[in-house]
Amino acid sequence: MSGWTESEMMVVAAARRLTDERVCFVGIGLPNIACALAKRTANPQLELVYESGVFGAEPARLPLSIGDPTLAAGAAAVTGMFQLFAYYLQGGRVDVAFLGAAQIDAAGNINTTVVGDYAAPDVRLPGSGGACEIGINAKKVFVIMRQSARSFVPHVDFVTTSGHPPGGRPARWGAGPALVVTQLGVFGFTEGVMQLESVHPGVDIATVRAACGWDLEVDAAVAQTPPPTEAELAAVRVLDPDRTYLR
Amino acid sequence: MSKVASMHDAVAALVRDGDTVAIEGFTHLISFAAGHEIIRQRRRDLTLCRLTPDIVYDQMVAAGVARKLVFSWMGNPGVGSLHAIRRRIEHADPAPLEIEEYSHFGMVGRYTAGAAGLPFFPLRSYEGSDLPTANPRIVPVASPYGDEIVYAVPPLNPDVTIIGVQRATAAGDAQVWGLTGCQQEAAFAADRVIVVCEELVDEAVVRADPNRTLVPGLVVDAVVVVPHGCHPSFAQGYYDRDNAFYLAWDAISRDPEALAAWIDEWVYALADHAEYAAKVGEERWRELTPVSAPSGGVDYGSYA
Amino acid sequence: MSKVASMHDAVAALVRDGDTVAIEGFTHLISFAAGHEIIRQRRRDLTLCRLTPDIVYDQMVAAGVARKLVFSWMGNPGVGSLHAIRRRIEHADPAPLEIEEYSHFGMVGRYTAGAAGLPFFPLRSYEGSDLPTANPRIVPVASPYGDEIVYAVPPLNPDVTIIGVQRATAAGDAQVWGLTGCQQEAAFAADRVIVVCEELVDEAVVRADPNRTLVPGLVVDAVVVVPHGCHPSFAQGYYDRDNAFYLAWDAISRDPEALAAWIDEWVYALADHAEYAAKVGEERWRELTPVSAPSGGVDYGSYA
Amino acid sequence: MSGWTESEMMVVAAARRLTDERVCFVGIGLPNIACALAKRTANPQLELVYESGVFGAEPARLPLSIGDPTLAAGAAAVTGMFQLFAYYLQGGRVDVAFLGAAQIDAAGNINTTVVGDYAAPDVRLPGSGGACEIGINAKKVFVIMRQSARSFVPHVDFVTTSGHPPGGRPARWGAGPALVVTQLGVFGFTEGVMQLESVHPGVDIATVRAACGWDLEVDAAVAQTPPPTEAELAAVRVLDPDRTYLR
């Protein structure tokens, strides 16, 4: 069981941050795995909410998407998307939302729409899904994504989900991004600017800085993320035994 | 009174070139069978609407039925991209594809306004996002109470909405369990509705549990009975998502020739979805069939 | 984790003098048991909200718990008037009663806006009606698209919503069949929620059929188990409306002394709804129990 | 079976008008009985819609209110009131709505709110319920009510549900009232003004005029409503065997 991949460290670090949360809105992609892991490790009481219309899921396997039948079967409630977005999300019942991102900038602006120009894109990404309103209506937003100089950019090409603008986030925008977990480290926000909170074991600060498109200031004494426990790794590998999603 | 039709006849009668068409179902109950029949009948210039254009829309776009896409999340869920759609958006290859883009709740709000005869739907979204710039149909609206601002989206009224359901009567009363997405709103918003069911059931089955009815026959024009009609997506309690197909689609979709060959083999060469299901094969259907998990029942009482 | 409480304790903890309280349920699942306990605990100055103030609100108003009524249809359904409420509105007898009046969809829209965190809800109503003059909170709002005008109603966020349901878990996940009215919206709109159930069930019962869940434990503060707690209204599958009582109420309600005596006998003299149910008597419950009409079941499948 | 009450004639005459309709929104009170009768006589295919959230009811007994459990049991669909009002009614799926009224005037304005001044009422009536929006969103509106000089008034004390204003009904108000059935006769609207279409058997025109608060012009050759058939009367009396509701 010793040794772990960067992806495994990333989802383990993300799952841990859900220890004290109650209601978590689960985004598509990596958040799906991180939250499924949290439910099996850090916080079995966590209430998982999916934009597909599920509240209180108890997934019996790794959900293959946010609309997997394992999420509906055995859930506390399954409802239409209107009710899910209007009453659960917009009504303020979600403590934390875990989102993915293709690009993020130091202000926490998230881009999942397009690389390059909107009208003539270099890469057309999936788009908002529910992320735009989730980022506004959840009490706080966590992000999990792979970090590189191409994904951690000075300015996102397109703001899909709003971060912390200069001068602060207006109250009606909600609290916005509070945490970013990558394969290299964990980031928080101080006065609306992303800061490295911890680096994962075996990662040096130069690597983190190189995988960041802006000049990231890092305290030399930055903490190290505690390594995955045996129990955490075992749970990850039960979820994704063939490493289909966590290479 | 029966609205039961073959998929061929339902599509022939109800889906027209140039129509705005919504095949709805959020990951669940996506009527691939209907999408394939639209390809087979070579419809053209469709505006395809759907929260999550996924493989079936990639196939339809690749086959040339669409001129425009209205959506909120476009991808191969849990896997990656829809390459045929991306080629058209990124490189106009082989032709441009117009897009009109919202968020999920924006699309849900559009169907809701469409179903409810409202000129707009207000929602708390889009603050600080570039989406309203990219799509000028997303506009701010002031509350008539105090000075609050929210955003509005316009109604969406498809010419045709097509939904997959687990069971329906010949009159079109349709029942769904598991994820219900926004099929109800999309159906009520539409001018014409095709219900594609796994099973046709007696009226007595539906009337024994009327809270389960998602869409009434009132708004339904055709009922098409297609077992396994949502493969490779799933039908709760009937079959699982065929994840191997979703994973395999990535490579097929990346290669225009492979994609064209797939459509030839799995759509044009087959007369209907029954042939498709036979080609998928009994072994695969067995693998995809879940262990039973009955809902239990409730008592409505008889009040005579 | 259990939220199960006695009605006494739930009302004592969650309903406060001056609160805005909604006991919801459209003709169905009206928690008379909760209304009676609020009378018993002599709450005062409540603003009572409900689409259809009916007998339970007539009783509560007669008992002096309310200073204001927010509603859309006020009567004894199928029978006639609520005379205690009328005396207060028509003659300030024994005290004035403030009213704030909408239409049904206006009230539904208010709960919907309240549940959805929206500053207003738009609807197509009130054209040519005097209601917006009588209630200046009903205002026109312009569509941001074109020049259409619709009307808006403001959100309604009760301090406490109380709903009757057929079954719930100790955590408050509540399932309803038959009429579901606007209990979901009223519950999500509220600061505090009391669920009053006919039966407490294991979590496994609810999770076997999650589409049946109308209100999740997430928004519920207390679960009170009260068999027959909605008499004389009904609980689909459990008992019928006690129509003889609705008919009899007309004469009781017309006579302030008879009404006071009724409240003395059926509320103050009884410790709780168990005593009320015993006093109604087994024979009446037998008469009100419908013949069984099972829903049948569906299969969700197990996806492990 | 020979002989019938005024109330029986009224609901029979009302029920007949539903012969060619498909989807009927059933108001509280007399409409409830008239529509239940239509379903058993004039039009068994009629789809009954109730604001309580029922579509396609097959009531096994006379519903005691629009929220009777016999309406939900065996219906084609039971839904929340939001969906019922938003999608079925406001979405334009209702062919005809049958409403009751306490007062009506020659323009078809309906009052179910108050007799006298709103702020200091002589009689406080139930209020709109769904009638205000039903009157705007149903494709047409039928009314059933007891007629007297106090209920057929020159001007209603309060417009709960809009009729035909001078100059015509604006398009966004919908078509509005098309029919009024009372215990004395049947009325239609010509250019927005109520006109007697037929008198019930045994009723003379003077009685109709006396039971009208405005100067009702009546053609001396006005038609007579066909009397109830044996089958219609039998069906009425199965519905209300004790004459609780149809005295």
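The first chain written gets the first letter, and so on, giving A, B, C and D; residue counts start at 1 in each chain.
The rule is simple: contacts are C-beta pairs under 8 Å (C-beta built on N, C-alpha and C of every residue); 3 or more make two chains touch, one makes a residue touch a chain.
The shown structure was predicted, so the numbers you read here are calculated from the model rather than taken from an experiment.
Hopping across touching chains, the smallest step count from subunit B to subunit D is 1.
Centres computed as Cα averages put subunit A at a distance of 28 Å from subunit B. Between subunit B and subunit C the centroid-to-centroid distance comes to 37 Å (mean Cα coordinates, whole Å). Centroid to centroid, with C-alpha atoms defining each point, subunit A and subunit D lie 57 Å apart.
The set of subunit D residues that touch two or more partner chains comprises 54, 68-69, 72-74, 78-79, 86, 90, 137.
Touching two or more other chains at once are residues 112, 117-118, 123-124, 148, 177-178, 180, 184-185, 208, 211, 236, 240, 290, 293, 300-304 of subunit B. Chain-to-chain contact here is organised irregularly, matching neither a line nor a ring nor a star, and falling short of all pairs touching. Contact between chains, using the touch rule, shows up for A-B, A-C, B-C, B-D, C-D. The residues of subunit B lying in touch with subunit D in their complex are 112, 115-118, 171, 173, 184-185, 188-189, 203, 206-208, 210-211, 213, 216-219, 300-304. Contact residues on subunit B toward subunit C in their complex (touch as defined above): 117-124, 137, 139-141, 143-146, 148, 150, 152, 154, 166, 175, 177-178, 180, 205, 208-209, 211-212, 236-238, 240, 290-304. By the touch criterion stated above, subunit D contacts subunit C in their complex at residues 28-29, 32, 51-54, 64-69, 72-74, 78-82, 85-86, 89-90, 109, 113, 118, 121-124, 126-133, 136-137, 158-163, 165, 169-170, 172-173, 244-245. On the subunit A side of its complex with subunit C, the touching residues are 23, 47, 54-56, 58, 60-61, 68-70, 72-79, 83, 86-88, 90-93, 137.
Against subunit D, the residues of subunit C that register as touching in their complex are 26-28, 51-52, 71-75, 77-78, 81, 85-86, 89-90, 101-106, 108, 112, 123-131, 134, 148-149, 177-182, 184-185, 234, 236, 240-241, 243, 246-247, 290, 293.
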